[in-house]
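Take a look at the structure below.
When the chains are written out, they are named A, B, C and D in that same order, and each has its own residue count from 1.
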Amino acid sequence: MKKLVSTAFASFALLCLSTAALAAPPIKIGALFAVTGPASFLGEPERNTAQMVVDEINKAGGVKGRKLELITYDTGGDATKAVQLANKLVKNDQVVAIIGPSTTGDSMAIIPVVEKAQVPLISCAAGSKITEPVKKWVFKTAQNDGLAVARIYEQLKREKKTKVAILTVSDGFGASGREQLKAQAAHYGIQILSDDTYGPKDTDMTAQLAKIRGSQAQALICWGTNPGPAVIARNAKQLGLSIPVYMSHGVSSKKFIELAGDAAEGIRLPSGKVLVADLLPKNDKQRNSLLAFIKDYQNHFKAEGDHFGGHAWDAVMLLKGAIERGGDTPAGIRNALENTRNFPGIGGVFSYSAKDHAGLTKDAFTLVEVRKKDWVLVK
Amino acid sequence: MKSDRIKFLVFALVVLLVPLPLSGGYLTNVLIFVGINSVLALGLNLLLGYAGQISLGQAAFFGLGAYGSGVLTTAYGVNPWLAMVAVALCVALFAFAIGFPVLRLKGHYLAMATLGVGVIVNIALNETVELTGGPSGLSGIPNLTIGSLTFDSDLKNYYLVWVFALGMILLSLNLVNSRFGRGLRAIHDSEVAARVMGVNARLMKVQVFTLSAFMSAIMGSLYCHVMTFISPNSFGFHFSVELLTMIVIGGLGSVYGSILGALLLTLLPEMLRTFQDYDIIVYGLLLITMTIYLPGGLVEGIPALLRRLVPARKVTEGSDA
Amino acid sequence: MLSLNGIGKRFGGLTALEGISFNVGKGSITGIIGPNGAGKTTLFNVATGIYPPSSGAVLLEGKDISKLPPEGRARLGLVRTFQNIELFGKMTVLENVMVGLHTQSRSGLFACSFRMPWQMSEERRIRERAMELLDFVCIPDLAGVQAGTLSFGKGRLLEIARAMALEPKILLMDEPAAGLNSSETAELAELIKRIRDLGVTVALVEHDMDLVMDICDQLVVLNLGTMLAEGTPRQIQDNPAVITAYLGEE
Amino acid sequence: MELLNQVTQFVISGLATGSIYALIGLSFAIIFNSTGIINFAQGEFVMLGGVLTIFSLNVLHLPLLAAIVVAVAVTTIIGLLFERLAIRPLKNATPLMLIIITIGASILIRGLVMLLWGKDTQALPAFSGTDPISIAGATLLPQHLWIFGVTVLVIIGCRLFFNHTISGKAMRACSFNRRAANLVGISVGRMVLFSFVISAAVGSLAGVIIAPLTMTAYDVGVMLGLKGFCAAIMGGMGSGLGTVLGGLILGTLESLGAGLISSGYKDAIAFFILLLILFIRPQGLFKKGETERV
């Protein structure tokens, strides 16, 4: 009898607890992604991943017993819309933090909004000027372009190649890469012999490549997102361009190999480790996160998770950690974020500090090469 | 004449009172952009709805205004108000210069030429990286100030933008109901007849083109100071088409129609929240169905619908009694 | 008044007009007649500057106006109406006439948008003058009607009022009686005479021979782009070449 | 010597790209010639050709030839529906309304394709391999030869159709004078429909044969359409050699501009030339002037 009462009591208590957990209002997180428009190749996997991670967290009981509610809006890659929607998240939805936007332009546009409203922002865009100089409320998960550039230049230096040609796409991604390529060249003793661009919708780059073929360049570095680089790979093969071709992390997905076909063979690029998760040594810090992300993404979307989705994964997980440690107020979350150390994510191992809101080192990138339609690590 | 004045006063009063119940909320922010888009749409409507000359490059003038002010104030520290006036005058001059050859063209050729101007300006904004920051955009543009008053909140910006907008709306209303406006409408109906009536069609077309460029440039300057960040893809072909959609939906050849169209299309993403990815399809469908079934836009369509409904109800009431 | 000197006009390889020369006397009513395809409307288009002539010159009061655009010629007092009535259909009848008064007023873009005082008084003046003109063609009651909804006959009257608004020295009318019934044509004849009595020279292209013979002082006959004859209605009626052109070879 | 080699390559590449523009330009001209409409949704027909072929190939697992036939057929039906649903209902359409409607249609088609097949770029395998062919020190791909070949076939086809068949002659008659054509018993409505059907077929065929080179996605139509339109304007909107020459010149100038002047301003150069032509010779580079009749 006594036993029965205590069991009943215990179960009642448990029931109370769980209803309390259910009754607690969810923690609202805002998300802005360029799901449509020219940057949708970023926004779509990011939105998918963010929703997926939030669902997984809620399934596992939420954060400190409270559910997360993700409120996602599509910016269409339009700065004006991004600002309106950021305002909406802050003022109407009263979110405690915002993840995204996908592009550097959208991110730069909404920084004044979040700074003024004092809501932490974890951007998923790559441009280094988002967190340089450091803004109090702004963090980012996507690796800085500068890190990718450094990775390529290091390799070239090792191979004693000093003359390069660069070919960048004329959008935000390419412009930022171009800036970094030019800024860091001197530091690695590299000389840029030709500096060309192409339009995001161009279908033939043989003119630029023929010009590069005629120069003394020892390597070609191309900065763009699909489909441009695939066109360049094909055109380079058509022209019989013999120098090694380096791409950016903008095309580090199977899609690039699929689009470029045979022409992709031998092309190298810096990539987040998500591409080569199964090739990583057992003791790699990121291994567990990477494998979990890839498995989840495969289960949900029957597709390969790429590092763009990874940016959103990192953003949500960093936020989860920050809420656990700092509570559910914007200020608490911000402080906890800034104190995040050695968080193994998809993009790399994050360590934020008061002086660094980007949180990654160049170890975030590995250099990979296409061999037999798959990626291999460059030793 | 009198009733036009009263209509405008009521409209202005509504505009000035609307933000009060919103208490600086999110909607205030959206309404700032409604104000900007209203004037942009109005500029295009003067050109397209009144004079009958299409432009698919309106976003270029808006962009030049925004970048002109943005660059002058950030890189050269020019006084923002001075920059606004100087830039608007330069943009107007530019429009005046290209207006003569461009507006000699008609119909599809005119559409293509204005589109070409838009594309070239957009490429120039993208490529002059040293000046404009290129595709990554231009940030750190200061807010406008008057004395010690800084326009740094949504509410202040709302009144800033709408004071300009109301002024331009009033001037446009005056214009379309005058000798000049009659000339434009005459050109729209029959350019040959208008010219035979002694209307200098070529010059008037260029003048109204210049005026719309001037209005767009002023709004561009305001936009850059409100946003404090600008990037070239806000001023591309896509936006020109959006402006076109606004006036087609609101009402070609109607000042208030332009504003209605701007209001609806700026709030549309809000209303289509449930559709998410489908809004691009809704745009397309709206353009087609409105042109086929409601070529006068909503300003003509709504009253027509009401007229059709009201007598219908009277009949039913009568049959009840 | 209006002199055409050796006017020729070619479209591609097709010759529409060749060697047309005649004078329209001041204060007269001159009729230009000819079978279909004779080039009458083309001649009007050249005279009013809608087409540039391929050869020859157009002189108004002795001054060469060949290089002027239509609006420039209108300002000098050379005004026309159209065969298929070119009204501004979406504007009201009154507004149509007010467009005709365009050359009688000066307010530009700035004055109009800022409602300068002189612009306001000019606007009032134009409005009053437009009403007078509607009175002149006897349709003052239609002032507020949308022009596109007018019957053909009323449209014709409006077009004439609008043309008169320009205070023309010479008015060219392209088939004014086309599409009118007989009573409307009779009214038109009266109206044209009243216009002439105001001191305006009139030239008209017309198929309605009764009308032409009734009101014209002088006739010019075109055939296949060339001038066939010139003279008073009586002379033309008896001209064998004209009879052949109209009735064909026996 | 090296410069000469480069220039040869620029020219050859330009001609290859130019023939793509030419083919799309031809499909513009077909509609314009019989209706006076510039179809701003023309680029979407091109896109549909490529996207539908890939869909038939990858999802329906059809062989390449069958996939192409399906793609062209479906696009043609879409062209037909477009004319029926969006162009036909307009009474007394002004050019302005037609511009707005065709822009609306292009947005709609693009949106539907995006929803149905996603936003990813996809590639079609080349028809005859990817081994480059060397010509005078410059290289081409076998796919370029396909494009040249199809362009030539389409020109010949148009010639034969417009000059030697009843329907073709009737369509030309409509372009000269609609009212007169109607009077002699030609159904103008049917000819307009015809022109949309043929143009959709040609456009989608262009889309199919260029897909292995340029790859395809829901939004490739915009730029290709604009360039095709430039080509057609340069050629004076004719459905023959003029447009083809226009396309080839545009492609070559673009390629030379990218190679010798500035790759960033490549498109600006193309549009600048377009503007110059519109200003100086609105009737196109190869046509004699005609006076507009009032």
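The criterion applied here is as follows: a residue touches a chain if its C-beta (ideal position, glycine included) is under 8 Å from a C-beta of that chain, and two chains touch if they have at least 3 such contacts.
Note that the coordinates shown come from a computational prediction; the quantities given were computed from them, not determined experimentally.
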Chain nearest the overall C-alpha centroid of the shown protein atoms: B
Most remote chain, CA-based centroid, reference being subunit C: A
Inter-centroid spacing, subunit B versus subunit A (mean Cα positions, whole Å): 37
Rounded Å distance between subunit B and subunit C, as computed from the means of their C-alpha atoms: 40
Centre-of-Cα separation between subunit C and subunit A, whole angstrom: 73
Contacts with 2+ other chains: residues of subunit A: 36, 38, 170, 197
Shared interface positions of subunit C, touching two or more other chains: 50
Contacts with 2+ other chains: residues of subunit B: 126-127, 192, 277, 280
Touching residues (chain side subunit B, partner subunit A) in the complex: 24-26, 29-30, 33, 126-127, 129, 134-137, 139, 152, 154, 223, 227-231, 233-234, 269, 276-277, 280
Of all residues in subunit A, those that touch subunit B in their complex: 35-36, 38, 74, 77-81, 83-84, 87-88, 90-92, 104-105, 108-109, 111-112, 116, 127, 129, 170-172, 174-176, 179, 197
Subunit D - residues contacting subunit A, complex: 2-3, 5-6, 9-10, 13-14, 16-17, 20, 114, 119-123, 125, 130, 132, 138-141, 210, 213-215, 217, 219-220, 222-224, 254-256, 258-259, 263-264, 266-267
Interface residues, subunit D side, partner subunit B - complex: 32, 37-38, 86, 89-90, 95-97, 99-101, 103-112, 114-115, 222, 226, 229, 233, 262, 264-265, 267-268, 271-272, 274-275, 278-279, 282, 294
In the complex with subunit D, residue positions of subunit A that touch it: 36, 38, 40-41, 44, 170, 196-199, 201-204, 206-208, 210-211, 213-214, 226-227, 230-231, 234, 237-240, 255, 258-259, 261-263
